[in-house]
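Got some structures for you, see below.
Here come two complexes built around chain A, the first alongside chain B, the second alongside chain C.
Moving on, here comes the complex of A and B:
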């Protein structure tokens, strides 16, 4: 065989190569230019997930209002320690964990269920499968949260942070709920009509098995002493990184390009962000126990893994910034984008803050201070809650097929929430550092650290009131949107197009036109 | 101390090994090929062809090129909310 013929044998012709490439590409992705998603398709997918999505959002908002009130009272107790101390269920030791659990499992998790159930049919290009299973899952979950809260206020707590709900009654219901919702998400994924998994699919689909594993592991009644503390922080840190973070990053990666009308800056960076998180995050939790009686290798490994998280965090930060850069003016037109951009910035900030906190020298100052609360609110509120607010602003008009009734209420909600949370994080951050420095100063009595933090705690309470006002506005607006009839929405002269990037009314007309043509 | 180590190592492996499995599955399954097309796969007609008032002419041109169209849908009205 000559070298020429050998070459001809190994190398297909250009036509064959193109054909193979085209086949592979068709098989690998839905080429956008050849197979665009139409309005009728997205409407059909949204309709299939409508009931569980609305159920999830409504329940989430009810929990948000309750959790806000619990947080406010907990905060006021720092300023007025004798406030409501006669009843045991109103004491700080019960209200504070109740606030945390209601916000994480009641508000954020319910809203995340809704977001996941809305996104997965669109990303899989099929209807939502096992819808009733998903609805059942949300019901189970909420029974669990309700039971856990009730028992917690009555004095039954598992005594571990983020895991206070009763492990024998509330937690099994919550695990069952998450598994059922996850089953619907995964069934939809398995029935997908696209071969390729967009990066948001990775984030959303992975969240459910991760949560089931870490929540079950964290609640097993097997651990004692130091081991219990280690498992506690294995769970609590992973609940943030492998549950709350993942679905919200998936949401941001999905909505940001859609609102801007252009794809994400670098799809490769988005994949690096996900896989960096998936492979390294699970080891991070032990940095909460620096200085504790833990094996030194465990702390060292955790600090190393925490520093390694710089890679996925910076990858996500650069990617999301570069997607929006040059188009920040879009935030004036889309409140959803505004909140998603703020959430993305907060994700980068809180992650870098967390990495720094894992360093022993910084941890020595900030540990056991109010700085930790500022840090957690930067993550759980400015990142997670802003992302979910943004998602709700975008998703509800699509699902309900009508626009938000009032741009003023949107403005009021966002300005109150953002202002309140900026004051909150800055004030408590400063107060926490001053408190930490005072605690480290052996010449000062403990009382000095309390006095150093006191004015900042009062500022936090003021911020909490501002945030509460924002939540009341938001809750009112959502209820208004949900309860108003179609005619009111259709005829209203409010600037709906200011709220979502695509006019719902216009699109409804297009949809009917397209359906008419199809039939 | 021994119990601490075993529990945490096991939990980390249970959380991490499925990720590794799916990473290998994704590579073998072509999930990381054709990233440009993948990034655009979520966009609807209205996402790419709708008018965006904040865009500069060059940005509009870029989007029209991506959308493979010579005109945008100009019948959409926008108003700033802030």
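Moving on, here comes the complex of A and C:
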């Protein structure tokens, strides 16, 4: 990072003779402001991870398109319940879990593998170690997802949300895949040539063992009755908290300061954000069962932990906001930054919304309604997917050594995705609350809750179509970038080239070197 | 942070702590629930019906729980005569508590809608019986036949939905699913006054009940 890093720590260092502050200050800036890394060096690290990164992204995009279609059909089936009912594999109750699993394990997880494998060499300042292991891991994982999806559509499901994939065939392959990719990540980390572990490293490196533990625990066939509900929601919530959230926060923490050419605002807030999340998020799961047949101490534990999530969420929110503040204009020049800023805001929003929803007096209205679906899309789309879109917009040109061919397509994609998802979340949020109020009103028949939600479900389908158009644009653009002629690509100027000189406060003449540095 | 060891040990400590609190501890406590005497284990047909319920994702619209009357109106809305307790689910694997009520709760559907014929027709075409329903139709659980054969269960459908000639008969899956739905009756009194965790502690010594629960 630049010499600006020191500004962020002026206050601690002002408190003299305080060795803790002094250590932390040194800890967070030492290696980075001393290191001058050449563009060639960064390119060599990118080259070392090129194959698994491209493989992960391509597979992720294929799953994204399939998952989009599955989601669309699931949504349309609310509006036209007699649509495609003659075949069992097309029934709503199979397409909906297929949509969730394809999006979480196919799209997001594959893209997260790619992101993690791309970041680790740069953050460890060494080549990607055990590259073939990582490639093997991605292959195993995708076989697992494919098999799980196939069996799910044919009617073999473990029956628990987020854990539908068959525990005897699909899940072992997926665990093996995640462990192999994780092994490559950890081997690279252990071979690091930097002293300091940047905040992204904490998130990314911890996510792999976390995922392996929670996914294995969730799939063990040991639980009966309401225990299986406890395990179900222990897993499902942690799949969000200790897997999807963490890798994407790591990505945002890496790219946001990098694109802006400005260090993360506060090392202390990073620490609070990380350890607070690790400690509290893992205990949140039972808030999905409020009022249900569970021992009340378990639900109370989860509600308490949910409320405590305010601490890490606000810490991360302030930290990321203060990193960007005053430079929001830069979003005009960088689609990656635009998406990452939106993702970071969505993370704060969805987390605060989640905390709110865990409170009993709100949960009694929103539980069992489409509000939950709106909430999960705010998290999984506005936060996770936007973060990954941003990552792809930044990473693919680096890995392929050529720029995106069309600024217009990027704008179209972002516009369609944002518009669609805002309509989605608002419409379904309203529909969910209306449905919930009706469900809670003892004087209303059940019919009223269906009628209350219906128009909003139709609006959601419209939003789904808009989002789908965005995905088609994005997919087309990525394919264009990947398949276009190499030499033509290298010569063409970046549509967003203006960003480096505009954003980084530098002494005159220093302009271009900045691009090659890592944070 | 500069030490990988701190990172990995800290990360493992937090997740294992959560695992102990939310999975291992409850398992040792909830594993000792005693089965309510009125709660019968599923018959083979009902168990098959439960598989059909899982395979076709009924859980994505239907819950199976009556929540605490102090914070909800579940009982006032007729979903049951008491809140559900952990003992009600001792035979369930996996649980089907559900997270959505796009459709109504099914914890007591067997008492609320006891007619097999109604369920069969409703599964074949929900809108034949409930005009405003947005439930998917499940025609793939049924067969069309020109003439019913001996042993077939013919589905009685209102005009307009019924085929012009021939009959709609059930498959074994449809029969099993309806048998399962009709078995969803939890109107017996709650064991131990609905205090799940108390029951778990107090029944710790009753080993014979454990055998049933497992």
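As a convention for this text, the second predicted complex is superposed on the first by the 459 of 519 C-alpha atoms of A that agree within 3 Å, B and C clash if a C-alpha of one lies under 4 Å from a C-alpha of the other, contacts with A are read in each partner's own complex, and residues count from 1 in each chain.
FYI, a contact is a pair of C-beta atoms (placed from the backbone, for glycine too) under 8 Å apart; a residue touches a chain by one contact, two chains touch by 3 or more.
The model shown is predicted, which means the values in this text are computed figures rather than measured ones.
K.L.:
Regarding the shared-chain residue A:262, is it in contact with chain B (first), chain C (second), both, or neither?
P.N.:
Only chain B is touched by A:262; chain C is not.
K.L.:
Answer with first, second, both or neither: which of chain B and chain C does A:156 touch in the superposed model?
P.N.:
Touch status of A:156: second partner only.
K.L.:
Please indicate which partner A:38 is in contact with in the superposed arrangement: first for chain B, second for chain C, both, or neither.
P.N.:
First partner only.
K.L.:
Using the touch definition from the top, say if A:175 reaches chain B (first), chain C (second), both or neither.
P.N.:
Neither partner.
K.L.:
When the two structures are overlaid on chain A, which partner does A:112 contact: first (chain B), second (chain C), both, or neither?
P.N.:
neither
K.L.:
Look at A:123 in the shared chain and tell me whether it touches chain B only, chain C only, both, or neither; answer first, second, both or neither.
P.N.:
The answer is first: A:123 touches chain B but not chain C.
K.L.:
With the two complexes superposed on chain A, say which partner A:204 touches: chain B (first), chain C (second), both, or neither.
P.N.:
neither
K.L.:
Contacts for A:295 in the overlay, against chain B (first) and chain C (second): which applies, first, second, both or neither?
P.N.:
A:295 sits against chain B and chain C alike.
K.L.:
Is A:282 contacted by the first partner chain B, the second partner chain C, both or neither?
P.N.:
both
K.L.:
What residues on chain A does chain C touch that chain B touches too?
P.N.:
On chain A, the overlap between the chain B and chain C contacts is residues 27, 195-197, 206, 209-210, 213-214, 217, 223, 226-227, 230-231, 234, 238, 242, 271, 275, 278-279, 282-283, 286, 294-295, 298.
K.L.:
Going by the contact rule at the top, pick out the chain B residues touching chain A in the complex.
P.N.:
Residues of chain B touching chain A: 1, 3-5, 7-8, 11-12, 14-16, 18-20, 22-23, 26, 30-48, 50, 52-56, 59, 62-63, 66, 68, 75-82.
K.L.:
In the complex of these two chains, what residues of chain C are touching chain A?
P.N.:
1-4, 7-8, 10-12, 14-19, 21-23, 26-27, 29-31, 33, 54-61, 63, 65, 67-68, 71-74, 76-77, 83-86, 88-102, 104, 126-127, 132-140, 196-197, 200, 213-214
K.L.:
Would you pull the chain A residues touching chain B in the complex into a rising list?
P.N.:
24-25, 27-33, 36-39, 42, 122-123, 194-198, 200, 206, 209-210, 213-214, 217, 223, 226-227, 230-231, 234, 238, 242, 254, 257-258, 260-264, 267-268, 271, 275, 278-279, 282-283, 286, 294-295, 298, 326-327, 329-335, 338, 407, 410-411, 414, 495, 497-499, 501-503, 506-507, 510
K.L.:
What does chain A use to touch chain C in their complex?
P.N.:
Within the complex, chain A contacts chain C at residues 27, 77-78, 81-82, 85-88, 91-94, 96-97, 155-161, 189-190, 195-197, 201-202, 205-206, 209-210, 213-214, 217, 222-232, 234, 238, 242, 271, 275, 278-279, 282-283, 285-286, 288-298, 301-302, 360-361, 364, 367-370, 372, 439-442, 446-447, 449-451, 453-454, 457.
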